[in-house]
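Below is one structure, written out as structure tokens; comments come after it.
A, B and C label the chains in the order they appear, each numbered from 1.
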Amino acid sequence: MTAMPAFLGKAASFVLPLMIWVAIWAALPHLDLIDPSFLPSPAMVAIALQKLAMQFSFYQDLGVTVYRSLAGLLLGTIIGVPLGAWMAVSPRAEGFFGPIVKSTYSLPKTALVPLLMLWFGIGSTTSILAITLSTALPMIIYTFHAVQDTPRILLWSARGMGTGRKDLMWLVQLPASMHGILTGARIALGFSFVIAVAAEMIAAKIGIGKLIFMYGENGSYDYMFAAVVAIVAVACLADALLVALTDHLLRWQGRSNMLG
Amino acid sequence: MTDAKISVRDVSKTFSRDGKVVRALDNVDLTVAEGEFLSIVGPSGCGKSTLLYMLGGFESPSSGALLTGGKPITGPGLDRGIVFQEYALFPWLTVAENIAYALRRKAVPEKQCQEVVARYVKIMGLSGFEASFPRELSGGMKQRVALARTFAYEPDILLLDEPFGALDAQTREVMQDELLRLWRSNRKTVVMVTHDVDEAVYLSNRVCVMSKRPGRFVRQFEIDLDRSLTREQVVLSEQYRVIRNEVWVSVRQQVTQVTMEGA
Amino acid sequence: MSHVKKLTDSLIALYPIVLVAIVWEGVTRAGLVPPTFLPPLSDVLASLWQQIVSGEIFEPLAVSLYRAAVGLLIAMAEGIVIGFLMSQIRWFRWLMNPVVLLGFPAPKVAFLPIFILWFGIDHLSKIALVTFTSIFPFIIVAQAGAETVSRVQLWAARAMGETRLGILWRIILPAAFPSLMSGVRVAVPYALISAFTAEMIAGGGGLGGNLVYAQRFFETTTVFTILIVMLVAGWLADHGIIVLRRRLLRWHN
């Protein structure tokens, strides 16, 4: 199959530069540029990662962070997409929710974490709520614009062919808006991980954020770096899965740009 | 006339755009009989597409009335099928699903849907592409799908908005003949808007010339070409050339007319 | 439309916010919620006013803005250079591609403890986070903007004696300018969020540090006050960028 060499070629152009970067990383302490106690070597980090991978508690921490991110993202999507779609078709809904959305847009969403901590204490509830609110906003906005930008000739054709008002959303507007909505989801996914980790760094009992912070305070820098590598890998994996899902759902449209 | 298929009475349309008032159509009158193939030609921006959109029920007149079969047009409907220049296919549906769209809305039984789809796929030369998505098709094929999906549910009236404008010259000629063939097989009423005078004269049995904006009908031409001839014979015939030149001159006059400000 | 009508229309359009404000005030004044949970809006506004008048609010605000601005400027300079180079030099693009692809979805706040390790808990670590977060939008828009320059434009320039550096400065930069402005628009909120977040996690003053401090001592009124200041700061920054963009891009559209 001709797809195989192309895939390997792509993988190589991804992995090879990274290997060069790892080599640079390993070489840095030797060049007397950086104190080695501040930058554990790739080998040390790899060993620490291996050790972490054998600890159940590590998976608990990682799992909790991922759970919070995805749960918040899911809730944010469930709230955001219907609301955005509704706002796009109903001027009254837009008139009511529009100002609220626009005014909260400029608020850095991590700032909600301390407030939510005041209300709900430290733990998953706070994280998930913060993530829900932060992801709902981009989902509303992206869905709104996507539905609004549905080409009118598609709407007209559909109506001319007997599509009732109610069916119009499901049959035409939402499929036509899929690209915009999934782009919003990609952005929201990024937010969800950031807020989950940030909340855990501010105050938490479990979670990768807390783990990273704790290792930092203990001076176990190789473990700290390992934990950072772990969460970055997981977040990038989640993003890649979303892109793959997007490409699959939108295969009628053509491949999505990897950079969104 | 009560047996006119389409009746446009004293229709005007004004838009307001960026605070300015634009008068698109000015007291337009038109009747179309059942089974007629009517083309509307005129300079760009004269409002001919606007008239078509009003016939489709997508826009409403500022004054006057549009009727079909004696009843006023209040919105889009399955009796008036529309084909756009930009095809307006649903990109997330396959060719077969696009063609079947209106049939499904009409709750036609699935088996019948499949039969109709298969028939039009064959007629329009789309065999082998039933499962393809619009993005994989050329412009000409996309327009075939657009025509197929509109013909599939047999609306009484066909509204065509510059349907071949986005195609290259050769494909356009092929599609024109396809349209003619389809129309001759079911003799539905067709109203086509086009800026291509040659096309209008070739396809229609009546051509109406619209003035520069605000649009008004200024002339009409009855056309009766000998349809037993091939395309080459028709286009090279004296009859065709004479009428085509008259229509062209009439449109040119509209294009080069001094605009009357504030009209 | 007259200016007065436009103004009143805009104000009327804000009715949902007024509604929220009324409900907030009513619910809290009626004693339905304890004040440590939700202080009355009037108290929050009064506290905000008092902090503005006394000048108290400006020190942490300035600290946060300073960190965000410095980080943003560094990110802009470095990001634009990297993006341009990526568009022009193939091996560099090959080398940087995975970094950018991984960098975008990665939760960059996870690197904050590393920055604290390297730069301490004062300004520098926070600036580092801001730079790290804001650099990616610049790389992407700079690369995309530089790629809008067509091959034939470059050839024409070379034929007219343009140097390599001249091409970068006189052709690629102006061509990329609209994209760069969009990059700024995206990066500014990132910069502010990163500065506030870094302060919330590591302390060290600024609005973020004060926010967490107030939360720890259950000073809910202060928490809301700071949130409002953050909101306004974000809004002003965004609008400032819009105005700047309009001024600078008059030739574009």
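Simple rule for what comes next: contacts are C-beta pairs under 8 Å (C-beta built on N, C-alpha and C of every residue); 3 or more make two chains touch, one makes a residue touch a chain.
All figures in this text were calculated on a predicted structure; none of them were measured in a lab.
Via touching contacts only, the remaining chains, with chain A excluded and nothing moved, are grouped as B | C. Using the mean of the Cα atoms as each chain's centre, the chain most removed from chain B is C.
Central chain by Cα centroid: A, whose mean Cα position is closest to the mean of all protein Cα atoms. Looking at contacts between chains, the pair that accounts for the most C-beta pairs is A-C. If each chain is reduced to the centroid of its CA atoms, chain B and chain C end up 51 Å from each other.
Centroids built from CA atoms put chain B at 47 Å from chain A. Averaged Cα coordinates give chain A a centre that lies 19 Å from the centre of chain C. Per the touch definition, chain B reaches chain A in the complex via residues 53, 56-58, 75-78, 80-82, 84, 86, 88, 90-93, 101-102, 105-106, 133-135, 149, 153.
Listed in rising order, the residues of chain A touching chain B in the complex are 151-154, 156-163, 167, 172, 175-176, 178, 251-254. Every residue of chain C that touches chain A in the complex is listed here, in rising order: 13-17, 20, 36-37, 94-102, 104-114, 116-118, 140, 189, 192-193, 196-197, 200-201, 208, 211-212, 214-215, 218, 220, 223-224, 226-227, 230-235, 237-238. Across the complex, chain A meets chain C through its residues 13-15, 17-18, 20-21, 38, 95-100, 103-104, 106-115, 117-119, 186, 189-190, 193-194, 196-198, 201-202, 208-209, 212-213, 215-216, 221, 224-225, 227-228, 231-232, 235-236, 238-239, 258-260.
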